[in-house]
Amino acid sequence: MRVSLFITCLVDQIWPTIGTSMVEVLRRAGCEVEFDARQTCCGQPAFNSGYRSEARMMARNLISIFEDSKAEAIVSPSGSCTAMVHHFHELFPDDEQWRKRSEAVATRTFEFGSFLVNVLGIDEVGASFRGRVTWHDACHALRDLHVHAEPRRLLRSVRNLEFVELANADSCCGFGGTFSVKYPEISVAILDNKIEAIEKAGVRAVVSGDASCLMQIGGRLTRRQSKVKYMHLAELLAAQEP
Amino acid sequence: MAEHQNKVVRREILESIRRNLAASKPLDAIRSEHKHPSIPRVTESSAPAGLTLVEQFCESLNAVGGHCEVVTDITGATRVVEQIIELLQARRIAVSDSQLVARVIEKMQSDVELHTSASTAALFECDLGITGAQWAVAETGTLVLESERERHRLVSLVPPVHVAVLQAHSLRQTLGEILKALGENHVLNLNRTVTFITGPSRTSDIELTPAIGVHGPGELYVIIIEHSTNE
Amino acid sequence: MNHLTAETFDENARQALLDPQLRGALRHLAKVFSERRKTAIHTVPDWEALREQARAIKDETLAHLDQYLEAFADNAAHAGAQIHWARDAREACNIVAELIRERNAKHIVKSKSMATEEIHLNQMLEAAGWSPVETDLGEWIIQLAHETPSHIVAPAIHKSKRQIAELFVDKLGIEPTDDVSMLTGAARRVLRQRFAEAEVGISGVNFGVAETGTILILENEGNIRLTTSLPRVHIAVMGIEKIIPRLVDLDVFLKVLPRSGTGQRLTAYQSLITGTKKRADEEGPEEVHIILMDNGRSSMLASPVTRQSLACIRCGACLNACPVYQQVGGHAYGSVYPGPIGAVITPQLVGLSKTAQLPFASSLCGACREVCPVKIDIPELLLHLRSEVVTAGRKGTAEAPAKRKRIEGLLFRGYALAWSRRWMYEWSGKVLRVLQLPMVQNGRIGKVGNFLSRLVPPLGAWTAGRDARPLAPRSFREQWFAQYSRKP
């Protein structure tokens, strides 16, 4: 299957190994991967902060780029960015044409874990990772895209991995985009509930499908000098520890 | 408020509603592009296998802290009332104007002060209130009392204990059935107040710790008479 | 103690986070309500279908609200109720005051009603010389404490048993006790007196049935039944959105509201009141007054996004599920309605100028939407209100936005103009990589100093509690073009 990468600005600039891991895994799964470097950002930060005309500019840009792609699927390592694309139509209340164009792109756009399980129909990708691992459900992936079973299936298929369900897996990590810096004390208070559960779970690593959540969780883990690793699903699935 | 002014305000509010709904129409059309198609039909929960309505009712009532006694006839009901009075050492009993209750109390042996058509002041002094119930809901353990058929509002509420007597044929499976029956034939228009009672009065307002018997009765006894009689 | 405003939500929240007793109470609330709700919704075969149906009934009603409202008013009047219409809080309060004044009544009891909180009825009545007594235990506790409710369903949930006991010792002169049933018993004794002498009972309304003119009020304690049965005058304050079409529609709502609100299958009592008694010797009030109140609700009908706010049945489930509410509690919101639903209806009821923080006080996690029995898409509403705040700021229709907001506006404008162009996006990445160099140590950015914090506030805000991940030495696209080819 031909896949076009919707890499997201966060992964592109701050966490490229998520991108390279994703490419690795998609190729292992037999996909032909392409990357249109004209892409920049989906506009989610603007949309979430109430700047709709700015978000609209970014949306038009992204839609035009991906419309050109002949790929059967557009795959993203971010649940929130994928959800943003699915919400693009809300940015064009006065423009039926653009709403249609948004929809056409959205129907082909998938979150990475969901794509593997639901579109490619696979849950085993030749990965191996030793130790106890737990999963954090990113809010947009969970509640907007209904991704829940897929990452768990993928993780349980990793060789040598012992999957542990986190007590509050589906609770928000407290990131929420600009919320994390507009209300940092509340953001960290919410985060600490997540961190306590992770530490109680006694795991080697916590895994999630969204780099934003991982920045939030990872940032606190390192500040607290925790030994727990934090990884994106793509990074873990790309791992092939002997 | 002056009648005229009230009419003016009524008109303004209704007009405001209409105006705003009209303004929404074009946006509604866009939204329906994404609408979910049909409304799923809700299935009624099926009765737990093997349990009669009476058994279900008792189970539901017990689950919310009420007491359920099943008897075969009026005499049985009288016995149970006597037992409750004995247990609680009740002295002053208020009764509603229910004919069924009158028949239950008729042969009662207990040495108590009976108050029929009690004044409010008297009710506040009573230890126990006895009413009937026009319907009951097996699924939830709920009693349904209609003001048109029985003077129930204060007798079932003011004394600290409420005893309700009803006949088994008054039971229905679900609350939905009761609402349907009440809505039919303008039954509700005849009934100024219909009260649903499910267990004793309660609260969780202090640290979410349950406490029973706040303003309403702290004890609820329901006596179900299985044998059908004329009432 | 409270009476905080929404304008200082950030400061209110900071204070709340420093209160260990409050945080303990909120942790307890979150845990208990979540468990009770989960258990309760498993007692119906198809919870999702019930939510759909509840929402469908509300949608239908709101789409024809004028017709249903008129039918309700006419049917209730036909049954003997006196219907009053109020455009806003002031009119509603005046109607109540006038009714009480005309009847020379002195002893007033009240049952819990968020609508009466919304219009600050007690304040108005007290200013006019009356002393309305709250009879719901939680409401009475906060009345004694001179506070406002911190939760829609459990108003005193922020208070510990100990605090309540101390309050009772102080105000009622009871013996100190740790026992919840003793405290409840004390409340019962005192309030029974009030009921006995009450001349006017004021209540809210949960649902108004258009078909029959019936009002339904539900409760657990029994104070609503007493408030609406004992006094000779009953005044019910009702938001115009409380209408539902038919009596049988109550079935769905009686299934979803108790389960969502308190985790019960059904509350202890429901009163279905239609008009007044027909004969003088019947029980119940001589007069039943229903005040139909707009107070900003009809404006919410103007778009499908905002209209869904009116579907709310005030169950409080969204508060219990909200990670923000769970951390800061209800008072921090500084508004009558707290939590997720409060964050969306308060700005609509009182305007955005004094409530502009509320729509931003959310991580948009969507837990509220998930538990809402009528499927209100609160995140969608929050996002809508955020864009309203920005638009008002730009049009100059709001109060002059703070300097911070203006700078933010410029930044987002710059971001959109720059990042919609590939070369500027790539170039800005290169620049940031250079600028960040002095801040990076051991592969991360730790707590930045005061100067940087002031220069780049978000960086200071982030790094106060968390390390920041720096831009990677080589972006993905650089690596792609170095290692991978576009051709297979």
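Labels for the chains are A, B and C, by order of writing; each one numbers its residues from 1.
The rule is simple: contacts are C-beta pairs under 8 Å (C-beta built on N, C-alpha and C of every residue); 3 or more make two chains touch, one makes a residue touch a chain.
This structure is a prediction, so every number in the text was calculated from the model and none was measured.
With centres taken as mean CA coordinates, the chain nearest to the overall protein centre is C.
Counting C-beta pairs in contact across A-B and across B-C gives the higher total for B-C.
When each chain is reduced to the average of its Cα atoms, B sits farthest from chain A.
Centre to centre, using the average C-alpha position, chain A and chain C are separated by 31 Å. Chain A and chain B have Cα centroids lying 52 Å from one another.
With each centre defined as the average position of its C-alpha atoms, the distance from chain B to chain C rounds to 29 Å.
Residues of chain A in contact with at least two other chains: none. The multi-chain contact residues of chain B, meaning those touching 2 or more other chains, are 27.
Those residues of chain C whose C-beta lies close enough to touch chain B in the complex are 25, 28-29, 32-33, 44-46, 48-50, 52-53, 56, 63, 65-66, 69-70, 73, 79-80, 83-87, 91, 94-95, 98, 135-138, 141, 154-157, 159-161, 164, 180-181, 183-185, 187-188, 191-192, 195-196, 211-212, 214, 220-223, 225-226, 229-230, 240, 246-248, 250-252, 254, 262, 265-278, 282-284, 292, 294, 298-305, 307.
Looking at the complex, you find that chain A touches chain C at residues 7, 9, 11-17, 19-20, 23, 32-35, 37-41, 43, 45-55, 57-58, 60-61, 139-140, 142-144, 171-172, 174-191, 193, 215-216, 218-220, 222-223. If you check the complex, the residues on chain C that touch chain A are 10, 13-14, 17, 323-324, 326-328, 359-367, 369-370, 383, 385-391, 408-409, 412-413, 415-417, 419-422, 425, 429, 432, 444, 446, 457-458, 461-462, 464-472, 474-477, 479-481, 483-484, 486, 488. Looking at the complex, you find that chain B touches chain C at residues 1, 6, 9-10, 12-14, 16-21, 23-24, 27-28, 31, 36, 39-43, 45-46, 64, 120-121, 124, 140, 142, 147, 151-154, 157-158, 174-176, 179-180, 182-183, 188-189, 191-209, 211-217.
Per the touch definition, chain B reaches chain A in the complex via residues 27, 30, 33-34.
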